[in-house]
Structures are given as C-alpha cells and as structure tokens.
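Several structures are given next for inspection.
You will see two complexes here that share chain A, one where it goes with chain B and one where it goes with chain C.
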Partner chain A sequence: MTPAKNILNYSYYPGCSLHASAKEYDESTRGLFKALKIGLHEVPDWLCCGATPAHNVDELLSLSLCAKNLELSNQVDGDLAVACAACFSRLKVTQHRLAENEEKRHQVAYALDAPLALDKPVKHLLEILATDFGLDRLAAAVQKPLSGLKVACYYGCLLTRPPDVPELDDCEDPSIMERVIGATGAETVSWSHRMECCGANFTLSRPGVVLKLSGEILASAKRGGADCIMVACPLCHGNLDIRQKEIEEASGRHYGMPVFYMTQLLALAAGVSTSKLGFGSMMVSPVSLLKEKGLL
Partner chain B sequence: MSRIGVFVCHCGENISRTVDVEKVAAEAGRLFGVAYTCDYKYMCSDPGQNLLKKAVAEHKLEGIVVAACSPRMHEKTFRNAAKAAGVNPFLCEMANIREHCSWVHEDRDEATAKAIDIVTMMVERVKRNKKLQPITVPVTKKALIIGGGIAGIQSALDIADSGHQVVLVEREPSIGGHMAQLSETFPTLDCSQCIMTPKMVDVVNHPNITLHTYAEIEAVEGYIGNFQVKVRKKARSVDMAKCTGCGVCMAKCPQKKIPNSFDKNLGFRPAIYVPFPQAVPNTPVIDRENCTWFKTGKCGVCQKVCGPGAVDYTQEDEIVVEQVGAVVVATGFQLYDIGPKPAGSAIEGYGEFGYGTIPDVIDGLTFERLASASGPTGGKIVRPSDGAEPKSVVFVQCVGSRAREKGISYCSKICCMYTAKHTMLYKHKVHDGQAYVFFMDARTPGKGYDEFWRRSIEEEEAVYIRGMVSRLYQKGDKVVVMGSDVHIGVQVEIEADLVVLATAVQPREGADTLAQKLGISYDKYHFYSEAHAKLRPVECATAGIYLAGACQGPKDIPDTVSQASAAAAKVMTLFARNELEREPIVAKVNERFCVGCLACRKVCPYGAVEEKEIRDRSGNLIKVVAYVNPGVCGGCGTCQATCPSKSVELDGYTDEQIMAMIEAL
Partner chain C sequence: MKHSKMTLSAETMNLGFVKKVEQLSGSSVRRCFQCGKCSAGCPMRSFMEHPPNRIVRLLQLGQFERVLAGRSIWYCASCETCTTRCPNKVDLAAIMDALRKLSWDAQGPSKESLVQLANRLFIDNIRTYGRQYEMRLAAVFNLKSGKLLKDFMLGPSLFTKGKLKVFHKKNRNIGEIERIFSRIEELRRKGEAT
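Right after this comes the complex of A and B.
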C-alpha cells in the first residue's frame, strides 16, 4: 500500500436512525474509526435520505433528497462513508438511476434549483474496512480478539441489492461481512437466512409479518450455532432485537440472541472502551455472553 | 473515358426510409464517367437484376456500381449478374448504403448526403478497376471433423458414406460425447446408449474414417479446399495396434479411487481406464496425473499383466499433419458450473444454491448418470449424501439461463424437455416419490414435445410451480428450497431429499481458442457464429468451415443431428467439384521497384510471401524480390500497408484507387 493511502479520511453521512434509535451504531462507528485512526467528518446540515417511504410514494422526491445530500457532502473532503444499509442503498440507487437517465437528471436539477453534483464516491463502512483500510491492517489493529465468539452475519435485503447497483459484493452470495469480522478472530457460522428479509417497515403496520420473518432468521441463526447476530442496518436491528421477546412469546421458543451492529463488535475488538459501545441500549443484553467469552 | 452504371436499391424500405434514393441516383448521374443511373425497390430480385443486364446492353456500360447492402450480402449476386451481362465481374462493386448508412443514421438529409459520398467514392474506384480472372485451386476431398459427439459422428458418417475421406478428432479418450452419458432421451424415452453406441461402432469400422481420439487441434492453416491441420495425439501410454481391449490392466490397477468424470464424479475409475464400458475405441489410456508409475516411478502392474505388451510408458505426444478440404466444427457444449462466481468472470455464480457444498444439490447431467442403466448406481436413483432413495425431488429450471442479472440472457432450449423427462424417469423408478418443478415458462416446441410435457404433469403427477428459486439450504438431512409461486402469489418452501438444477448450456471451455486457430467468429458467450442466422445456418463466414451441433447454440439431439447432416451435405457439395474458383483479390509485387527487404513476409498472416531470384539470361543473379503465391494469399492487404517502397499492391485495392476514392470526397 502506498503511504498516501495510509492516511484515510472520509466524509460521513450518519442518517436519521443513527441519531435516534441506532445511536449505538453511530457511537461505535466513531469509536472504531478513531481507534483505527481513520478520519470521519460529519456532513453539515444533511437531510433524511427519504428511506423507504419517499421512493414508494414519489420517485422524484426520493432522488432529489439523495441528490441534495450528495451535493452537501462536497463540503467535506473524502469519500462519503455510510453506515446505514438503507441510506447506503438510497444514495447508490440515486447515483445509478440519475447516471443512466438524462430526463430524470433534468427533473432533479429543476427540483433542487441547482446544478447536480453526484460524483462523490459513496462507500459503506464494510467496503472502507475491507478494501480501503484492508483486512490485514484491521487484523493488526485488534487488541481484544473475538476468538470463540460465533457470529451470524446478517446482510438483510439492501446491502448488496439490487444486483446492478451497490457493487459491494456478490449480490446473493456475499462474504464481505464474514471477511471483515473474521479479521478480529471471531468465528463466523454458515447459516441459511443471512439474505432473507426481516419484515422491515411492516414492524409498524403488520407486526405479525415481522414476527414470522424475523423469527425464521433467529431460528436459522440458532440452527447454525451462532452466539449472536451481527447487522449493518438499524431496521433489521430493531426487528431482530426489539421484537425478539415478542417473537419468543409468539413462537414459544427461546433465543436470547444478542444482535450487534457490526461496528460494536469491531470497536470492541479494536479496544474501544465498552462504555462507548452502547451495549446498554440493546434489548437483548449481550453482557452475559460477552462475559462468558471473556470479552467484558 | 468510362461508361459506368449506378444502380440504387431501396431494399424494401431498409434504405429508402432514411436515404432519398432518387436523389442519390440523380446526383450519381452528374458524376463524370457515369453513363446511366436508376433506382429500384429490390435490386437483388430477378426484375432488379434484369434491369442491370438490360442497362449494360442498352448503354454499353463498362463498369457497375450497385448502391445497396454490404458486399458480404450480395456482391456475389451482382457480380454474377454482371458476368451474365458480359461485363467482367470484378468491374462490378457494391456501395454499401445500408449497413454503413441507412441503418445507422436517422437524419434523412445527412444520410442522403453520406450515401451520395459513398457512391461517388465507389464510382472512382470502379473507374480504376482492372478486369481480373478468377484463380482456380484444387480441392482436397477429405474432411476434418472436430468433436466426436453425436454431431461429429453424424457428419462423419454422412460424408464417409458419400465416398469421401474423413478425419475425426476427439479430445476425450472415447467418442460419444454427452449423448453417451444420457439415460433415456425425449420425447420417446428410448435408451441413449442403444441408439448411440451402434453409431460409434460404425465410425470406428468405416473404411473412409480415420479416427484420432485423445487428440486436439494444434494449428490450422490454409483456406477452403486446402487446409493443413496439425493434430496433437496425446500420449495414450497404450499401443492401440497391440491392445485387444481385454481390460486386465484396468482390473489390476492398484489406483482405484479416482473420481470418474464421465459419471460426474459419482463413481470411481482406475488410473488406466476407458471412460465407460462401451467406449470407442475400447483402448484404455493412462491418466498420468494419477498413475503411481508416472508419479513415483514404481508400480508398473499394468505393463506386467498386459498379455500383448501394449502398455508403453515411454509413449510421447505425436503431431499428425492432415491435408483436408473442409472442416466441420462440432465441439458441443458443457453445463454451466454453478458454484460461486469465478474470479474475473463476466457471469455471476450461484453461491446461494450451495452447489458443491450441499451434496444433494446436483445438476441435470448428474441426474442422467444416476438414472442411467450403465451409471454408477446401475440406474437406481439415490442421493449422493447417504445413498438413500429420495422421496421428494425438486427440479429447478433456468438456472443461469434467461438470467440477465447473472450474465446469461439466452434460453438453453433443452432444459424444459429434459426436466420433464427427469420427472418421468424418477416416477418410473420411485413410485411413491413426488417430483416438483420450478419453472418460468415451459418451452416445448417440437414434434411430440408438448404432449410429452403434458404427460409428465397429467400422468406422471409432477407438480409444476411457476416461479423462481431464491435459495437452497441444508436443514437436517433435507434440502430446503425457497421459492415463489407467482400464480397464486405466495412464497413456497419445499423440504426436498434431492434437488436437481437444470443449468445453462455453455460452449465448451476453450471454444474461443479453437475459433482463433480456425479463424472463425464467435459471440460474447463463445458460441460460434453462422454466416447468416436464417439462410446460412451451418456455414461459417470463413469459407470451407461448417458448424454442427451445440457449439453454435444450445440444441437438442434431433436438431443437432439435422444440422450435422446439413453440414455434411455442404461438405459434399464442395467435394462435388474438382477445382474451386477463388477471388483474384490478391497481392502482386512490382518486381522493378521491390528491393527484397521482405518486410511483407514478416507481416503476412497467410505465409504467402516467398523469395524470388531474378537472373539475367546467362543465369547471373540480379536481385532477390518478394513473390506472393496467389493460391495462398488471403487478400488482406497487410503487405501493401507495410511495404516501404510501395511495390506490392492488392488487385482492386491499389493505392491509386484508394487515393482517388479519398480525393472524390
């Protein structure tokens, strides 16, 4: 690696969830990047990416919100780091759709009343860690190896799909999460439901759907022998963690499966103080598991 | 002063839609040296050609420009018409205002202006054309067939039966190809071996067929009627003349646990082996990578037990040179390897199906071996994982085919039918078993095909589910198939004992390399390209090379056999003549100016340039010049572009002509 590459610096788009229900994802991301000496500077005045609702009701709104965010991101140097799987997907989809459609570009430019600036590379944290930073350096930065911890890496729907957009990894058979967490010495389990839908927004309108779909994910992770699940999406986290007790009640099965954000585990391994990792805000407490594995 | 006629074609509406053909004709009429112009709807039709012939007679035309399609399409047509009208055919040229103009432009005025430019250039060229006489070359009446599957066998037998010599080259130790691996064939369920093996025997016994198995094409040179082919016969380590095929060596070989690729690695074979008992020729080969003698220098059991002393460890690869007049390419297909995405491949993998990691997920050809009476289980259908009889089998169609997001957009054509066949074979052997099929569409055009498919549903009780499969995973000893049923709009999960994937048909590995050796073209998937999709489906654009079978595109057995016989008929048509006429577009050396640097020889891709000594009357050497053998020259013009003293030129493409064309703009 060239010396210049050693100094990594990113602009950062946290997105709404990371300032609210997924605060621990934000905290642990900042903690991890600090520990790895990677620069991370939040884009001032960023807006909501529009998430699922915007593109369901109005494509122009959805594209315009993301185009505005991409324009705003130019205030800060460095490629745009994104943690939330949905924000990542929306920003990437916007770049893709606008690159291939001139008419939509004109519409969005009209809506924003400004020339478009869409060229900032958008990168998920996984890509930054696996490619830009490098797995060797990540492994070298580990202070507390997670050996003995069996992790089920859960991708959900948005990280790698649709096939032509995110370019993060193989669309249906990715391995980037396993490779990244594997660098900390954690053991990744082979399991069936790592790409299945958790039920997503139905958690509000039809929770029964979520109890069924997320229940199957938990059952599959258990079958695969996992101690815990690792996610990169606040909504998946909510469904698997917050709804876990209800799932257990509805299915009559006990899981007790802690659901971590990827950066919580990575930061833990990189030696970030556990007080900064937000373990307290997880509904399924990871404390006994981490103690058992000698990680707390 | 020349008298040139310009004939502008509408090509139905193909040209006239974007080009004002009447204006092109009128403008051409103003050109110096043009004595006659006209336009017509279909210049290539009989009335169109008559128009040309009549104009030649009435206007005493000396040169002809046909402004129409590509010369690849109709140059021959119009040159024949010119010849019939009494004009030397090489004074007739095509101005391509279709592919080079109307098809690629939208603006009518600009396209018309360009068409006029193209015609003007060709008029200047024809003014400077010379009357050329065709070159005749002899035809070697011997055909090379590459590939010994059903396509190659059929072509070989047809050509050999017509009395011509045939050389059949097969890469594997035995001929037979994929058809020898199949169990029973649709739509009649006759046993593949029973209809295939007699043909294999016919090949080996035919007096007109020379068979090279375990051999590959090393290099191909020459041109139609006169190809020189180098064949590498790989060292078999067994003398074919001495071996009686008794099989003692195979029985005694201590290496017995080598996965048999003919059985899709379900069974085992020794290191000295024939791929299957009905192999032709029935002479074993030694697999040197796995043979103890070749690995350690110890063992030698097969040599000791061989009665006739046929085993020969010192045998080396042998290069055989064959002179042939025609080539039939019949290299067949392979099934798409459905593991994870290979590095650097444009085609995505199917890691989510777990093929290669879940033992009870197999491909269609593996199922054929399981169902075959001569297969590793003797025709008993069992699961690879534990040998148990599967009570529920899920068949998944279109794995890799019609999957644009995975990189293959074509239909593999055979899978609908063979999957229907698989459900029947399964039901016939496991009466209480249940077959499920996930399918996008059932494509069953063919005689008796749809009836066959209906039978699998109505009589053999296969359950067809219209929808795709997203994922397969192991759960206990079952394989869970996650899919959708789009008819009723629900997600479906089936716990199956065995899953069979109908994977895409792809050309053989290395199809591109062989095409480069032969100088034939191929598409982005490496299927070989025919000269015309509708009217010349078995010929390559390269003269003298023909296509048969799945190397040209996915095909079932009846289509393959038809195409193979068609290719054979084309070869016989060629062999019906003793001499061929070749285009006289060849390079000629101006010996006065040639300094004998022979730069042309270095760049000639055909090896057509020789040294020629020029001597005076008393035999003293004056100088050495280059000489182009007109029988070998391919007319590419590379020498002309290379020659530093401008002393070599291609007839019909002289520097003077090209400069005149440029100046006309």
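Right after this comes the complex of A and C.
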C-alpha cells in the first residue's frame, strides 16, 4: 500500500466501535477504499473521542480528548477520514468550539500540556466519496450495480446537525447519502424518519427509549417501501439491527429489515469480495434479500 | 407535571446559577421567546417532565431547582434538533450539557441514576484503557445496576457474530491520557475551569 499507487491518501480515525461491535464497518471501509485506490492510514495510539457521555457531563474533558486525537493525527499525512458519525461530530464540534472561544482554548492547551494543533481537516467518509473522490469516479468503479435495491438512507442526528458544525450537507434536508449510494444504481426511497433520533446511547441505560424511537424509524422505512436501511453510525446500527428483534417483540410487528453500513453496500457494488463485507455479523441477515436481487 | 404555584422574588430566583449555565454553554437563555419549536421537534419529549422550552423558561425565571430536580435533562439524547431549529439561536443542546455538568458536580439531586452510571463508567473506561471496550462497559453496567446478565449486550449471539472483544489492552499512551484527566482536575482545583 505505497501512497504513490493511491489516487488519494488520508489519515484514518476508526474510533472504538469500529474495532469491536462495528467491525464490519471498519472492514468494509478498508475494502472499499482499497478498491477505489484511496489510502487510509490509521492514526497511531488514537483514543476514545469521549462520545456523548463525555460532553454530556464534562465539556472540557470532551474537548481535550478530541484535541488530543487531532494532535495525534498530525503524525500521519492527509486529511482525517472518520467513519463513525458520532466521532466525526465530536471532532468537528471541538474544532468549532475552540476556534471561537479563547478561554476554552487555553484550558484545553493546559490539559494537553502542549500547543494546540487543531487544523487538520476532518472529513466524514461521505464527504470524501462525494467531493474529493467524486460521484463520477464512484459510478465508474461500480462493477455490480445495485439496481432494484430500495434503500432508506438514514442520517440520524449528528451527520448534519447542529448547523455550521459538520458542514457536510444541508442540516435539515441533506441528500449526500442518496447521492453517494445513488451512484451505484440503487434506488433511494423517500421516507419520514431519516433524520429522527434512534435513541442513541440510551441503549445501555434505558433501552425502552431505543425500542420506541428505533421502532418508529423501522416502521417509517417499511412504509416508505424500503428493502433495507443504510447507516453511517455504529450506534444507529446497533439500535436498528441488534435491537430489531426486541423491537419486533415489543411492538408485535415484523420488519426483517437489514441494516447496512454505507460502505458494505458501496463495497459490494465496487466488486469487493463478499467475504470482506461482514454480512455474517449482521443480526438481521441480508442474504435472502441480496440473493433475491441477484447481488449475491 | 403538577402545576405548583411559583412565587418570583429575589429569594426564589437564582440568577447566579443561570449565569453559570450561560457561561458554560456559551448560549443566552434570554433570547428565547417561547415559540415551542424546540419541544415540537424533540424526540425525547415524551420521556421528560419538562419539555425543552419550559426548561428555558424556568431558567429565565431562575428556577434551577425545578429544572434539576427531575429526570428531564438526563433524558435529552443530544440530538441537536432543538439547537438546529431555534429561531433565536438558543443552543439548547449545549444548555442541556451545562445543566448536566452542574447537576453532576452537585451529585444530584437528579432522579436519573442509570444514565449517570452509564456516563461515569464510560468515562472511567477512557481513563483506564484509553479506548472504549463495549463489552466491559455493558458487563460492569449490568453488574452495578443490578440488571446482571439479562441484557442483550452480553447475549451469546453477539459473541458468535464476533462483535465483542474479550481482551482489553491499554493504549500505549495511557500515561498521557491520565495526564489530561489530572490536569483538568488541577485546573478545577485552582478555580481556573468549571
């Protein structure tokens, strides 16, 4: 994987979930980027971004953990590629908050005991694919068009909110996911809950919240005529996929709705071997759907 | 929510607290004109005794005890919908963070202990390991909250799907991470950070 062979190169922050419960997101991201000749070079010794629990009760800690990760990312060349929507959000929020608040900047510099180095551009995979790599090149890389597959693109909360921070797309009416997966020939459905909260990290403390909110999202995707849901966040995935059976039991409704990470579908279209896509790790198996559509 | 009578006077209004919230969150509560848009879009509204717009109103009136007493602030999912839609740029999601921080520091009087426990364990994991190990988080949470091994997080199916790592190793730079935590504590001891 010498950088010279790649069209583009990025430093890469996988985040904690991609090394554990979301390993299929990590594997399919690496598989897809390799197929597209985009280099991903993992930041050494990266640490947890603090996610929601840190900023929930201790903003200074949250900002400091993210600033430390930004500092570490400078060891590797290239803009910082982030897959997890929550890590992406925390890193962008940190850049934003610290740029506008001198007092917080001083406090974080003290915590890190180093001058702050926050300037590396942080980019979500969607932005890299849609903007840096480009949709034309993405469409040209498709070997197995996903035509006939009806996909509900689920943004959740943090890819686009709050305004001015993620700078990924319109904060209330985005289309970047639809555009990216649309490049593979997939059909995207129009549905009501693509930006509603899934219940996020209440999955641990108050799972009842997740059963309600994620249940409404599954019902909405079904009403929209989707065959499957596509996500860009491990927490959303856990709530919609791992909790789906419980949601079905609690609501008495059957969904059987496979929930893919965006890179699983994109890599499938780009011809990456299915053994590298982690379909076996999904609780709601996508095998019969993909077979029915002639994609497996 | 019971509609108990509220008497407003210098004694019953704690405006110093409100100032702290505004300082921590970087957002003014005075700009709110009670349009209710934040509550209309809040996904967690049905779990809260005080909807987001009422929380802002109570803050305007210096009624911080009422705000902190219930579970509302701990049931906010930080989804940023309110902040996104407020016509007056009240950053309600940041205000929620500030309220939780102040409540957390005061060790209560919130009723929502489970969310707080999950937060605490999550942060402890970072300090001890540098990264999050979901399995450890779920196991300790279940143990401490008395849920034991009932929840899905430890379900055998997640093992067979290879989603749970059993071995946790500490980051090589765990010393630097510990230093961040202790230097933040030091700043707070010196009164240089909230």
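The working rule: the second predicted complex is superposed on the first by the 290 of 296 C-alpha atoms of A that agree within 3 Å, B and C clash if a C-alpha of one lies under 4 Å from a C-alpha of the other, contacts with A are read in each partner's own complex, and residues count from 1 in each chain.
In the analysis below, a contact is a pair of C-beta atoms (placed from the backbone, for glycine too) under 8 Å apart; a residue touches a chain by one contact, two chains touch by 3 or more.
Keep in mind the model is a prediction, meaning the values are calculated, not measured.
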After superposition on the shared chain, which partner residues are touched by A:206: those of chain B (first), chain C (second), both, or neither? second
For A:65 in the superposed arrangement: first (chain B), second (chain C), both or neither? second
If you stack the two complexes on chain A, which partner ends up touching A:16: first (chain B), second (chain C), both, or neither? second
Touching A:246, do we find chain B (first), chain C (second), both, or neither? second
For A:223, is the partner it touches chain B (first), chain C (second), both, or none of the two (neither)? first
In the superposed arrangement, which partner chain does A:275 touch: chain B (first), chain C (second), both, or neither? neither
Of chain C and chain B, partner touching more chain A residues: C
Which partner does A:170 contact after superposing on A: first (chain B), second (chain C), both, neither? first
Give me the intersection of chain A's contacts with chain B and its contacts with chain C, in residue numbers. 163, 171-172, 196
What residues of chain A sit close enough to touch chain B in their complex? 163-164, 170-173, 192, 195-196, 223
Could you pull out which chain A residues touch chain C in their complex? 16-17, 19-23, 45, 47-48, 50-61, 64-65, 68, 97, 101, 107, 110-113, 157-158, 161-163, 171-172, 196-197, 199-202, 204-207, 209, 212-213, 242-243, 246, 280-283
In their shared complex, chain A is touched by residues of chain C numbered 24, 26, 43-44, 46-47, 75, 77-81, 83-85, 91, 93, 97-98, 100-101, 104, 114-119, 122-123, 125-126, 130-135, 137-138, 141, 151-153, 157-158, 161-165, 171-173, 176-177, 179-181, 183-184, 187, 192-194
Within their complex, state which residues of chain B touch chain A. 340-341, 348-352, 405, 470-471, 473-475, 480, 482
